[in-house]
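Dropping the structure in here first, questions after.
By written order: A, B, C, D, E, F, G and H. Residues from 1 in each chain.
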Amino acid sequence: MGERTWTVYLSGEIHSDWRDQIKSGCSSKNLPVDIVAPVTNHEASDDCGVDILGDEDSPFWKDHKGAQVNAIRTRTLIEKSDVVVVKFGDKFRQWNAAFDAGFAAALGKPIIVLHDEDLTHALKEVDAAALAVADTPDKVVRVLDYAINGNL
Amino acid sequence: MGERTWTVYLSGEIHSDWRDQIKSGCSSKNLPVDIVAPVTNHEASDDCGVDILGDEDSPFWKDHKGAQVNAIRTRTLIEKSDVVVVKFGDKFRQWNAAFDAGFAAALGKPIIVLHDEDLTHALKEVDAAALAVADTPDKVVRVLDYAINGNL
Amino acid sequence: MGERTWTVYLSGEIHSDWRDQIKSGCSSKNLPVDIVAPVTNHEASDDCGVDILGDEDSPFWKDHKGAQVNAIRTRTLIEKSDVVVVKFGDKFRQWNAAFDAGFAAALGKPIIVLHDEDLTHALKEVDAAALAVADTPDKVVRVLDYAINGNL
Amino acid sequence: MGERTWTVYLSGEIHSDWRDQIKSGCSSKNLPVDIVAPVTNHEASDDCGVDILGDEDSPFWKDHKGAQVNAIRTRTLIEKSDVVVVKFGDKFRQWNAAFDAGFAAALGKPIIVLHDEDLTHALKEVDAAALAVADTPDKVVRVLDYAINGNL
Amino acid sequence: MGERTWTVYLSGEIHSDWRDQIKSGCSSKNLPVDIVAPVTNHEASDDCGVDILGDEDSPFWKDHKGAQVNAIRTRTLIEKSDVVVVKFGDKFRQWNAAFDAGFAAALGKPIIVLHDEDLTHALKEVDAAALAVADTPDKVVRVLDYAINGNL
Amino acid sequence: MGERTWTVYLSGEIHSDWRDQIKSGCSSKNLPVDIVAPVTNHEASDDCGVDILGDEDSPFWKDHKGAQVNAIRTRTLIEKSDVVVVKFGDKFRQWNAAFDAGFAAALGKPIIVLHDEDLTHALKEVDAAALAVADTPDKVVRVLDYAINGNL
Amino acid sequence: MGERTWTVYLSGEIHSDWRDQIKSGCSSKNLPVDIVAPVTNHEASDDCGVDILGDEDSPFWKDHKGAQVNAIRTRTLIEKSDVVVVKFGDKFRQWNAAFDAGFAAALGKPIIVLHDEDLTHALKEVDAAALAVADTPDKVVRVLDYAINGNL
Amino acid sequence: MGERTWTVYLSGEIHSDWRDQIKSGCSSKNLPVDIVAPVTNHEASDDCGVDILGDEDSPFWKDHKGAQVNAIRTRTLIEKSDVVVVKFGDKFRQWNAAFDAGFAAALGKPIIVLHDEDLTHALKEVDAAALAVADTPDKVVRVLDYAINGNL
């Protein structure tokens, strides 16, 4: 029991170190997890479309190309994941995080949402689709430890 | 050809009259559409959980109960829809709109996104999952008229 | 909006009049619902297998035949339903009600659970899969009225 | 033939040693099985929600949080399983076991039910969805040995 | 309850009048059923491919063309059905009937098998996938009457 | 039997009158079919994207916008169809027709391919996924008449 | 290319050595295949239900129990397979083979049917759902070699 | 992150060395990809049906047999793939490439289309279903490198 590897997708905020905290937390507990995520280099994520496939005059098509190239990664990894963690912060609109949550919900993936208490009202529809709502990365690690190994 | 009724779900912003514009636009063209939507009365949408199922001390659970009751309506109607239109405005965070878009995308529903040009960058992942991006309700109506009747 | 008929499956307890209360509640509000349910005549439900398909010496196979004939009805109707309501009482073990809830959950159906407060701990896994937990039939009717018409 | 590992989920009763009997039975026959199960520490299973994610005043929400955290584990493992074994005993209401059976049935998983003969009538709907009904853990092991290796 | 129409597919034997018996039985009970079936004119069923799409020298391709044209009808109707009834007789090999049963089983359709007792051993795998096994058309009608209306 | 309406999607070539021939053939036989199709006005089909949603400098994005708007119609109608007919002619590349055939095949839709004999080798992969290959619209009508009514 | 292992299910006739021929043929070509099959010991296959789960007076329930225990193996393995081979001989009715073919067809599995030419007419519906029809085990091996490695 | 192997299917044109370019590009970047493809030996691909399963007089059936044997490989590999790349050139009609694209699109696979700019208009429906459109094999490799490793 518990020997299989769980794939955990970390969606959302890219301007804080929450992913590193979850990774190091999982490492220190030796959790059998394969942590996956979108490309978190903001500039690369914005530029990948035009950088690889050719420049665009219009900002709309630059964004479109980039977002679709990123979707090759994100949709593939979300579909392969056992658990999807979605983090919301107080900066930027983060509609992509909410989009990922909706996408994961329709696929029936267990969702853990990570956000501060002051975002509760704004995130109520996302939280309502989750199996856990945490306010620190450490709590996410503990939920994973419990779900995988039964440790409290 | 074209005699069947198309169910169109209107997700997102509830503080402008865009739904009425789309409905009256569809009416004036006699489009065979059944327009459905979440409950758009803001207060009712916030209070439905505690109002019906009993009060809560904690704002989190008040929101949770309400959001889940709303989900009975929204998930059912999105799954029954042929086309999902998602509107983003410049007020509020509207994570529920992005959540609906992700949910619809995973179900393979054709998505039309409606927003002003200045939201293009923030909405690039949502737009990338759409089959049309419009900046006025009238354009949404025209897309529907074309998709249903072939009229330009 | 709201003109389509919603199919609502009422699963569980057959020894109280909760189904009638929900039906009359829906009627008095003119809700566009098609209420469906398992066969609620206890004796017929127990005997249908052997009565139609031939007698059995063993109680196990009598039950088996009957339960499978009932499943023709229940699985078909649950799959056609928009909302599944599951009622638990304090008599009998009602494992079929919990089975229906699990079946509906795996199909992604919105679930409303109806039970008294003293069953909360025993039903926690079922409640955790529901979008609403009510303790009176009237609250179920009000949830349906809100989900269908937006009325509070 | 038979070299692949079968994942077997053991759902239900947590107050007897039936899981250990099945595990040691599989071990003594060298069956290529990966046995998985919910968290079977009763206290941990009840407390995990509030222990990790924060305390609750209301027993309902304490249970809700815990049940949802447990669902991260149980739904993931049931979906990964090749066979689902569900055990019913004569204590407690065990609605979660019946819920798991319904969930597994809707996913098309082969189900083996384990219970004493005196529960036959109460479990007839669950048994009707099973491919085998056994009254001892040893018989479950023998069914697995036959299904995997063809041994009688 | 019970006002919706159930679509019932009658697969299998085409050389006895069992379909007419089921139809007249359903009519006399006023069951709300839409009875569908493969083309039961043996000659038309054999010749449709070459008759419409052009002759073939090889018997294999004549059969292939015909069977595929018939499949346009049969697969469409089985997928639209609520219940699939499969009849086996003692003449011919009727592999198409068993094929339909397997097809319906994989789609999760409730199956009723109709055959004489002396075919029990040969049909054990098909019966094992059914929710009812009957030996007369009248019993099939009674199962439908019970499943649809709860009448015994 | 046969009273339900079959939805038939006519994909492919838009520069000959094959759709009209199929429609009038179905009418003259009173077939209960709802014939649907992509927008067959070539100019409208090319221009719909930029005409409704705003002009584009680049031919690539003009085509992209138009093709996606057309996809709102085509994917919706293919998914609702019971049978998909795909016509190939000797002009143009008609990659959209082959795309529709692949899309329909993955959805499990019965496919009828319509083309002249000299295209047999080039279309072998498409034909291999079809249940009928016809070389005249009249033969398509006869296949539909047989599939729906059993008439030869 | 071709380094992954293909799982191949061999359904049908158990009274000739066709499975051994396919296995040795695959071995001699070093094909990366994992050959799986139902239990082919006729007596074990008939007796497994009552032998493990307890005796039955009625032949029907003896067969039922056995067939359901066998189904734990067969459905699991068919669902895990990449290719399903179904063999028909001239003895016995082999309805289980045709059932497996229908089950595999509904799951979208590529099917290879193996039978002598004189069974062509009786098997036309099964052949019509197959991607290859062979009359010797050697041809099945060659089809697998081509499909996996491109060798002719 | 990124340690798992991605399966990439390369569909389409077989008369240029684009597959080798992608393979060597992936090798030089050490991408963790498993590159799969249809059989690209044109003659073998045309002859496999009759060569293995027996000769045919009619060119139609020769093609049919061959295309179906090839489909055992192609459908299996497309369904196992994480990303599908489809290449169109200016020779031949390549309807099979467009068919594969439609098939992959309906399965929700991320699609990368590879073609020269002058095919843009003819391929607009295929491009509209893609997440990236490239005009050189090197750009495809770079898209894969970004999607898998986040490298720009």
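We take it that a contact is a pair of C-beta atoms (placed from the backbone, for glycine too) under 8 Å apart; a residue touches a chain by one contact, two chains touch by 3 or more.
Since this is a predicted model, take the numbers as computed values, not measurements.
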Look at interface C-E and say which pair in G-H, F-H or C-D is its repeat, using the rule that over half of the contact pairs are identical by residue number. G-H
Greatest Cα-centre separation from chain C belongs to chain H
I'd like the Å distance between the centres of chain F and chain G, where a centre is the mean of that chain's Cα atoms. 37
Find the geometric centre of each of chain A and chain B from their Cα atoms only, then give the gap between the two centres in Å, rounded to an integer. 24
Using mean C-alpha positions as chain centres, tell me how far chain B is from chain E in Å, no decimals. 43
Just give me the whole-number Å value for how far the CA centre of chain D lies from that of chain G. 30
Touching at least 2 other chains, the residues of chain B are 68, 71, 108, 133
Seen from chain B, its contact residues with chain C in the complex are 34-37, 39-41, 44, 47-48, 51-54, 65, 68-69, 71-73, 75-76, 80
What residues of chain B sit close enough to touch chain A in their complex? 59-60, 63-64, 66-68, 70-71, 88, 92-107, 117, 120-129, 133
Using the touch definition up top, name the residues of chain H that touch chain A in the complex. 1-4, 6, 82-83, 108, 110, 112, 130-135, 139, 142-143, 146-148, 150, 152
